[in-house]
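Across the two complexes that follow, subunit A remains constant while its partner is subunit B and subsequently subunit C.
Right after this comes the complex of A and B.
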């Protein structure tokens, strides 16, 4: 039997997402080291990251509330595989810490990096605090990572 | 009165880490087997439902690759971009409604074509999650950590589940391993290790659904239910599969079964990680004598998209082989990060 022929295809394409009004305000806040959530007037849940609509109450959200830069580590993992950063095209090698952080003043958690990668120093329930980039640009990674508070 | 849906024919390719055939070749093999199993030809098909995911296939409208081989030319065709068991739900609805008598349902995926885990990043929010490189594996690691919190024996139990499932498979895509080997396997997203994750591969599955008026024989699809959790991990209770509980409740309702008294002889869960089997059993509350993952399930060999349909195929074979012909199976499928989407089907050998 002949050798099977396969064809390699590499697609280079880019997308520009409209972030929406709620995310625009959130990102603008990040540029000023300010974190805000949107509270649902129906169930009282404070959504972070903010979104325009409560999926449980079916209400439009417009009530902004301030959120602290520190909170509780609700879940964590140390990822040991590299990943491709779609925004820069660069590969980030493991290990790196990833957490679900419930900031004081919010009722949902935020996905973000953890500075700590040693599993023995991480635990559910630890207090963590945001560390910021020097060059703020209004994006989720203006927060560099979350650090465990001593 | 609702029309009865029979699982009249099934065909699947053997899961492989890399199937050198093209997608149409793979799908054709599954379809031809299913049609032969049902004793029909392409002319008998009234409608086709396909399941595929564009990201995995590298083309948009990925069903265009299989239009001819599934017999969809000049026929009504619907494409589902989710687990194949959700496609079965749509096919069953077409028969239940009386619109069609014979529906062919087909699912396919080839993870060998690209870097599967990387692709799953693109199923996450593009503004505040994708830029952080979060993929389905990272999400599963976060969930596993929550479950293991305060539970020192969790990782050993998960290793035991994975070792057991892989050990009962005739051709697992990952080698059979002991509990100790799994616990020592490569860490991927702690506390998850490679051995606790479903090995991914290539495959296709085709199932012929027919209304009882056709005279078709086979297990009866009594009920289907599904559910969708919020997409954001931070909005969800990751310690329970509440979506599965709701899906099962709906499936029991369509099957006219009392949830509290519904017993299943076989259960075919779709578990991509060993800890998910504990979430499954906690949500569906099976009796101890229910046989789970007769062929090793997805922890032995997993083809995304095909996954839930492959569970339906296994359950169908179990029911066909059951001596009394009157046994009941629960079949499960998922899609999305940490099983955001949940679908279940209830099958019976003959009406109990």
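Right after this comes the complex of A and C.
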């Protein structure tokens, strides 16, 4: 039998995406440690991340409401595998905590990292607070992770 | 709309790495088997529908490069890509083509060669502003939801492990399955390594290379070509809001799947799924999801899924066998995975499921799942 032949491909590429008005204002807020949600005038739902439309009511969203930097841990896990960061192309090695956080003032939950990596210290219902990076850049990773409040 | 039915199915022998074939060759393997099963020739095929998640292989326009393998040259051919639902959605698209009167014989093929690319890269290239910076793929999303399922409904790790054991055991009777182990134990599952708390290796579906195909025919052609067609009685698909945090308790409520199932149940007169369905092939990427979706699909009341698996209700000999094929937990070439669900459900009605045939199967459910956003449901039956 012949040796199997395969073709190896490696590439390095970059992309640029327009944020749109809603995400633009939100990212500007993050640069000042300010978190805001967009509220639907139809159903009253406060969306985080903010987006231009309410999927349920089909209305355009423009009513901004303030959101606190702390809230409730609604779901959690500790990931033990290395995972690719799709923004930077770098790998995040485990273990790292992840959670769905319902910040006070928002109705949706926010998917983000947790500082805690010990499963025995995590539980649905814990209060958590945002920890910010030093050099704020106006992006979701301005929030480093959420810390369990004592 | 006119009735339409599945008259043949074909699958490759799925595995971790099918480097013995290229993508077109892999597809041809499944397509040939489906045409042989339906006892038709390539010239009988009027249109082709393909399913593939091209970001996983990093090969754009797969329908162009693999079309010859799919017998698509000089025929209408389109591709469907909706994450995990790609396969079931492509079957529904093929059904619509045949049922609408547009075409008489439609060949649907799903395929994926995870070994050739980077599934994690494909999963990571999501919304660049928000999701991408905090993503941990299907695994992380499921693990988050499972923490809610366990906290709210008290499902246990052992109950989830029973799903994996059932799956591996069933797969041992399926020549196409990727992972098989007739002797797998609950202890094996519970001692396999943690991927993302509480999900362990044996709780999670693999990444497979494979392809699957079905032949859908209009009523007139189905009756002429097949003595016992698997009639597509109803099909539904649902879309959802994008971010994982948008829907509360996604795994538990899974409203896309619930709505799709209720739609097809209503159109086929199914009020008691556990009693009225003979077999189900559901898209369960993780053991806990199978349990949660017993509840969403109405097989049992909320919080009762653990009892269902403990009592063996969904085992091969139970009241409603779920995934006699071994399911997604034992073979997961993503673009093909939904087609496999439909093909396996059809094979049960066609009485061609071999060692994992459910005696007397007349009504079957197949479901699809994609990225927590999409869900599909189909009811197949032995009469139009």
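We take it that the second predicted complex is superposed on the first by the 146 of 150 C-alpha atoms of A that agree within 3 Å, B and C clash if a C-alpha of one lies under 4 Å from a C-alpha of the other, contacts with A are read in each partner's own complex, and residues count from 1 in each chain.
Keep in mind that, in the parts below, a residue touches a chain if its C-beta (ideal position, glycine included) is under 8 Å from a C-beta of that chain, and two chains touch if they have at least 3 such contacts.
Predicted, not measured: the structure shown is a model, and the values here were computed from it.
With subunit A as the common reference, subunit B cannot sit beside subunit C without a clash.
By the touch criterion defined above, A:111 lies against subunit B and subunit C together after alignment on the C-alpha atoms of chain A.
Judged by the document's definition of touching, subunit A residues 4, 6, 9, 15, 17, 19, 23, 27, 47-49, 55, 74-81, 83-87, 98-100, 108-113, 119, 124, 139-141 lie at the interface with subunit B and also at the interface with subunit C. Those residues of subunit A that touch subunit C in the complex are listed here as 4, 6, 9, 15, 17, 19, 23, 27, 47-49, 55-56, 74-81, 83-87, 98-100, 108-113, 119, 123-125, 139-141. Those residues of subunit C lying in contact with subunit A across their complex are 19-20, 58, 118, 120-121, 124-126, 128-137, 139-140, 143-148, 151, 193-199, 240-241, 243-246, 248.
Put simply, subunit B touches subunit A in their complex at residues 20-21, 58, 117-118, 121-122, 125-135, 137-138, 141-146, 149, 186-192, 230, 232-235, 238. On the side of subunit A, the complex with subunit B involves touching residues 4, 6, 9, 11, 15, 17, 19, 23, 26-27, 47-49, 51, 55, 74-81, 83-87, 92, 98-100, 102, 108-113, 119, 124, 139-141.
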